[in-house]
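See structure below.
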Amino acid sequence: MSSPPSPPGHTVKSFDDDLRSLRSMIGRMGGLARKQLDDSIEALLTSDEEAADRICAKDKELDEMEMEAEAYAISIIARRAPMAGDLREVIAALKIGSVIERVGDYAKNCARRVSVLAGHVDRGVHPGIAEMARMASSLLDDALTSFAQRDSELAKKVAAGDEAIDDYYESLFQALLAQIAEDPNQTATATHFIFIIKNLERVGDHATNIAEMVHYSATGDHIADRPKGGDATEISLPL
Amino acid sequence: MSSPPSPPGHTVKSFDDDLRSLRSMIGRMGGLARKQLDDSIEALLTSDEEAADRICAKDKELDEMEMEAEAYAISIIARRAPMAGDLREVIAALKIGSVIERVGDYAKNCARRVSVLAGHVDRGVHPGIAEMARMASSLLDDALTSFAQRDSELAKKVAAGDEAIDDYYESLFQALLAQIAEDPNQTATATHFIFIIKNLERVGDHATNIAEMVHYSATGDHIADRPKGGDATEISLPL
Amino acid sequence: MTLGGFALIIVALAVLAYLTTRARAAAFGGPAGTMRSHSRPVYHGAWAAILAFVPAILVIVFWAVLGDNIVAQQTLARIPEAIRPGSGIEQQAFLNELRAVYSGALPAAFNENVAAAVPVYGELVGFWRLVIGGLALLLALIGGGYAWLNSQSEFRARTHVESFATIVLALASLVAILTTFGIVLSLLYESLEFFSRVSPFEFIFGTQWSPQTAIREDQVGSTGAFGAVPLFWGTVFIGAIIAMIVAIPLGLMSAIYLTQYAGASARRILKPLLEILAGVPTVVYGYFAALTVAPAVREFAISIGIDSASSESALAAGAVMGIMIIPFVSSMADDALSAVPGSMRDGSLAMGATPSETIKKVLVPAALPGIVGGILLAVSRAIGETMIVVMAAGQAANLTANPFESVTTVTAQIVQLLTGDQEFDSAKTLSAFALGLVLFIVTLLLNIYALAVVKRYREAYD
Amino acid sequence: MTDPSSPSDTGETLPERTPTEWHSNAMQRRIRRRYARERRFRFFGLAALVLAAGFLAFLLFTIVSDGWRGFQRAEVAVEVTYVEDELTAESGSLARADYRTLLRRDLREQFGTERVASEGAWLRLRERMEENPGLLGQTERVWVVASPEVDLMAKGDVDFTLPAERRVVDDEMVEDYRDLRESDRVRLAFNSGFLSRADSTSSELAGVWGALIGSILTILVTLAISFPIGVMTAVYLEEYAPKNRITDIIEVSINNLAAVPSIIFGLLGLAVFLNFFGMPRSAPLVGGLTLALMTLPVIVIAARVALQSVPPSIKDAALGVGASRLQVISHHVLPVALPGILTGTIIGVSRALGETAPLLLIGMRAFVSDIPEGVTQPATVLPVQIFLWSDEVGRGFIEKTSAAIMVLLAVLLSMNALAIYLRNKFERRW
Amino acid sequence: MAEYDTETVVHEEMTLRNDAKMTARDVSVFYGQKQAVRSVSIDVDSHYVTAFIGPSGCGKSTFLRCFNRMNDTIDIARVEGDIDLDGRDIYDPKMDVVQLRARVGMVFQKPNPFPKSIYENIAYGPRIHGLAESKTDMDRIVETSLQRAGLWNEVKDRLDESGTALSGGQQQRLCIARAIAVDPEVILMDEPCSALDPIATAKVEELIDELQGRYAIVIVTHNMQQAARVSQRTAFFHLGHLVEYGPTDEIFTNPKADRTRDYITGRFG
Amino acid sequence: MAEYDTETVVHEEMTLRNDAKMTARDVSVFYGQKQAVRSVSIDVDSHYVTAFIGPSGCGKSTFLRCFNRMNDTIDIARVEGDIDLDGRDIYDPKMDVVQLRARVGMVFQKPNPFPKSIYENIAYGPRIHGLAESKTDMDRIVETSLQRAGLWNEVKDRLDESGTALSGGQQQRLCIARAIAVDPEVILMDEPCSALDPIATAKVEELIDELQGRYAIVIVTHNMQQAARVSQRTAFFHLGHLVEYGPTDEIFTNPKADRTRDYITGRFG
């Protein structure tokens, strides 16, 4: 079944208002998480420690937003006893909320490495990381858009986009390993970068998770044949 | 407020049955995830590739169980319009389900590294990993028990237990970095181990998440001052 | 054996049929819980009893009603032509005497021809009694036996019993129609007779009413006057005007007070009081009007200078009739008011209306159709009321609007015309039926209209 | 519906009303006026009720104050000697003894006039003899019914100060009465004959028993016909009748019959039962039939109301467990409706019991001095009796009329009380 | 109102079979000229509670009453199509309505105990159908029926009291016990809880839950949650059409038809 | 039944103040000897919808009817304690009931429009209170009231039709419009949707939602979801006691009192 042709509003408009608020809460959270991610990479590349601190501080906000959204979703369930599509949407919002919060954690995680990495930035991997961050961020954006617009087609595309990130991750991972092998002094730095790209790779996974929730919310079905537990790309790595 | 003195059953007993089924579904999932985790570490330590394959295959089961539990929780919401404690419990179950699924992913992740690591096992870190796995597993167990028994006191303890794991993680991480520095040829192996201990550290975090959900479900409040987004221990690492 | 004896035997047979058939049916019923048969044993028994009883008893009743005529005609046919009476009245007298002698009411016959016919008659009666009684017994046996044989497990005795009951009930409901037809036919028949003598035009528009003169046909040029307008006026004046002036405000206000203001205990006392007022027979009101109220009214009238005041005044009759109608009006109003849902009253009170505003603006308007319907019924009742006017209004057919004068009404005249010596073909007697017809039509129309109003109103709240 | 209602309905664009100034003077005045009207209205209601009740009280008072004397009669004491020869002088047997002459003689001997005792005073002697045949040949003092004039004087209804022409009794009677008083040979006693005799031309002998029996016979006929037919009709109409022409006609007939003036039923009875079927005049049978037709619609309507008040849910319930229609009616509907039906029947019957007009037309106004023994014998009924007496000129009939009214009202009231009792006892709240 | 197509959505596992306890095929009901139910086909299974939901006036009650021919009591109602009970057409003129109603019991919107004792309320059905041979037999029937209805403990000491003296919820359970007493195979319930408060409702729902499996139960309800709670199968009606019929979980979490979705999510009208 | 303590739980933000629109202090109501409401204290705020919930017979309606003295119409009812409207005791003998009821409007369980035209239904209140100076004034009042009640568009072309000719949900909204027309400050609603089907209910709830803020609204309901949906404050009553009073979200997701929790999660009785 294709995405429903935007169903008519509820007889009780405040129900629509509730759903809209919840959606916009999630939207705002998503926006903030994405900004945090972009900012953290930016701070990393520019070694902007101040910005990094701001980002870390801001993560708290995201955590609070998640708790708020969760409480709101629960209160919608308690107050409206939603059914069918509405129920799925609220549940999706609930889950997307925690996914976004996790994305925020990744951003904070990156940001916290800025001060450690300041001055140790390796020109070699950087363009790759920037590109990977861009990809992750845009995938996240797509996922959030698909949620905001209840666009289950877009959501399907997101799942595909994740693969590119995984590939990218693998090549960067190899590069970083090579770097360590080349210069063992770089071990710590490279390890930090490994964690960063791992995080970015996870952002991609989570974007996919969001898309999956959107698709479920819209159609009641899960996306068929979606690879789950995706973060296993570096495993093929030869010793 | 302390945990409520096991409230009387619902007037409609099938509601209680539903809740019980949901709880036992989550319990079974948790048990399986924990077993997966234990098994994967065991396989790792014994380089038992066959066991590792079995574990990877079994993860699908866990995924399915999660989807099932989620569908069941949603159907409880749709059918029973639960309120107050019941509602929180269902939501908690919903979230715990995805947490457990993620724990399963970690186990699978470890297991998939078995074949790569077979023969490259480092006697030095191994006891540490085993110990850390034991800690994570037992924390998970506590969290699941607190859920099964709606024991919000036990849940509070779980949150504290996570810190020990984090400490352990840090020392292992340092040891592995040192190993790389010592012998750059070990880079790949050590990196795999880093990912493994990182996963174990995340298991601890997730156990805490479960405990947090249990506490919330029982009391309606979040555990005060719980550090969130905990996986940042290795950041202090000097370059 | 008399027919009554046969009837008793038939009853016994019916009981027997019931018992045996029920027992037979109980046997194939099987133990409870197994495949149930269609009808329980009692139904089989009941059906057997019905089959045994009904046709047989119908035969007996038929004979009891019509048999005598048949026997009489046969007797007439059998006796020698010489002693056979002529037709018409002569024959009727003959037969009456015959029966009287046969039954022993007359010790002996006056007419010797009758005496000769008695044995023939007796023989025939005995013969037919045996034939009919036997036939009835036979029918009872056949019916009961048939039912007994028929009481198979799959036989639908219950359905049959139910259909039979339905038919009996439906027949009962026809009595009402028959009564209505009876009224219409009898009134029409006699009225047509009347109108063949007196022009309907004169009857309806004439203003002179003096039927008494009509019988004295020897008086040349005086055929009586049958202009009923004074009667119609008197009826309206007393029943629809004076009575209503008394009854409507008192009845309505009583109902309002009772339903809306009076406490539960006051209502418990006052309501039966009004009901007593309704239960007092009209003759009592009439007596009271004639003996107590009328003289008082007359005295009052004379004291205020109206010398024409009659001791049988329209006012006395009308006022007493009004009082008689109070409970009628008040109970109709009561019904109408209490049919208005209580929530309506609460709704108004909750808006900040006082009780009287609630009553005047919500309850009464809401109940108005019911109240109006009730008043129309009250009017219809008042104009059909007889005893008060017979006793208190007098017989003078005056066309006056003076309430202290005597007027007469349709009903009073009917009684007047029909309680003297009656000559069934005089215009005087027949005129009573014409008056009755008018009364019937008028009240019928009033009722149909009022009931329609009330019904439509009831439906609004169902 | 495409939901046009919403945005324009929401508050924003609506003009705000200034809040009502509840405490302004104008508003306060208005409210005081409204309360005054309220009190007035309430007063009118009470006044109406009081008026109605007052009238009832007045009516009852008038009747009782007249009527209680109807239950009394004056008696005079006569010394009677039961001389056998004289008693049997004319007829030759004691069974047909002539007490009248005997008493007349005694009266004349003792009072100088027969006028102190009633025309029918001798009946008392016969009673005595029947009670105690041993009295034959004896002499005893017997209280016999006084004449109407003595009765009046004994009850104090005669104003002795008036000149003789304007009195009902002449001077001679007054003298006789004075003598009686002085010799203590007049007394007021309970009028047992009033409750045991039938009509009579002399007021002091007239009784209501005959009329009462007539009423009872008439009502029995009425009941026997109208109750079963009425209930069956009601059951048919409520539970069986399909919606069709015939049913409509039946409904209309019944509703209209209920409101047809009773006198029309009299005309019907006259035309059909008397003239067409040739049934006996003045008989309870015909009266009962006529009243039955009149009562039938009342019972049908009351029964239908009672049947309707049985909640349909109960019928559904019974049907739902597989009861047949007849079972539903006989097991559930009728038992529940029965009190209502009975109440309606009693009310209908008691109305019939008070009915006069139709009976006048079928000849029940005839003078009947015998107590009827069957439904085909001539009889009169209480209300007609009242009507007849109320027309009598004799002064003694006024109190008799009132007394008869009291009897009638007592019967009716007890019937109504029964109805109310039944209604209250079985009234059910669903 | 949005335009919907009028096709029935029948969920896969619900495709019509002829071995169900009761089957309706192309059933239409007319009130005079007006069609209240439009060609509805449905199966009622022995082991499930089936719920009928839909907006007011959509014909739920009308359709329900076809199953035990209670519509026969409405003069102007006319039923077309086939309804079978165990494969036998119940509208066959040879079918005996009285027996049918004993086999297909009914519980009504407002509790309607007979104004008789509790005992007599239960005993009535068995008595008219002659199901008890003796007094002890009848006692047993009364007791088991009340027990099954979960009312025995509450009333066992006052079986002689009037059934109308019970509370609303108890009355409704009494009515269910009464229906059970004649040992029916199917129980129809038309909004059995709409006159009850939440607690009484919960008890009746509990009872329905316990009866499920023993009887085929069909319940009409306006309360979506109730339908979701007590039933395993749900049928959604709209304007006399059967719009969707399927497993309750599916209907309430993922309905297939737009109309169903709009109705259960509160987007109607 | 479990033992509960009878102390009232009042949520922090709800502690009693005396500047609320209506305040009830230690209100008890007796029907003859029987006490139906036991010393209840509560504040009703202008800007909120307050819901009263609780099992049947717990005294919700009785307590609600104290607020506009509709209990006066019941002979045996007796009210103790203070109820103030804007600080003035409404049970003061000097308080004018007629005025009070104009200021505290009421909407009943079953829609009860007067059997008059729609226009007259609305105009009734203003007319008896003399609120309109002229016909145009009255027209304006009628229009605004109907608009606020969200009914104007549906009925503007047929103001002359009888109010009873509307559908159930429209009737209930008409009753609300009628209450609004006299410009009340508080609107009391006693189970205003229990006679309505889900769709009409949704519309009335929508209306309540829109009226919120303009009037203090108190609503009694048996439907927990409804209370949760439309109200911001919820009071839970049990056996005549006020058990818990607080913000709706709190009450329904995290009630403080055991009784409340058991009731809203369906563990009662």
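Letters A, B, C, D, E and F mark the chains in the order given here, with residues in each chain numbered from 1 onward.
Definition applied: a residue touches a chain if its C-beta (ideal position, glycine included) is under 8 Å from a C-beta of that chain, and two chains touch if they have at least 3 such contacts.
Everything numeric in this text was worked out from a predicted model, so none of it was measured.
Chains that touch both chain A and chain B: E, F.
Matching CA atoms, the turn from chain E to chain F amounts to 180°, rounded to the nearest 5.
In this view the innermost chain, defined by its CA centroid being closest to the centroid of all protein CA atoms, is E.
The geometric centre of chain B is 50 Å away from that of chain F, both derived from CA atoms. A straight line joining the Cα centres of chain D and chain F is 56 Å long.
Here the CA centre of chain A is 98 Å from the CA centre of chain D. Shown for chain D are the residues in touch with two or more other chains, namely 6, 34-35, 324. Contact with two or more other chains is made by residues 98-99, 102-103, 128-129, 182, 199, 202-203, 224-225, 228, 252-253, 266, 268-269 of chain F. Annotation for chain B: residues touching 2 or more other chains are 10-12, 15, 74, 78, 81, 83-84, 87-88. Residues 59, 63, 67, 70, 74, 77-78, 81, 83-84, 87-88, 91, 94-95, 98, 104-105, 108-109, 112-113, 116-117, 120, 177, 180-181, 184-185, 187-189, 191-192, 194-195, 198, 222, 228-229, 231-232, 234-239 of chain A touch chain B in their complex. By the touch criterion stated above, chain B contacts chain F in their complex at residues 1, 4, 7-12, 15, 81-88, 219-221.
By the touch rule above, chain F contacts chain D in their complex via residues 96, 98-99, 102-103, 128-131, 140-141, 144, 147-154, 182-183, 185, 210, 214. For chain D in complex with chain E, the touching residues are 1-2, 242-243, 311, 313-314, 316-324, 327, 331-332, 336, 428.
Across the complex, chain F is touched by residues 4-6, 8-11, 14-15, 17, 19-20, 22, 27, 30-31, 34-35 of chain D.
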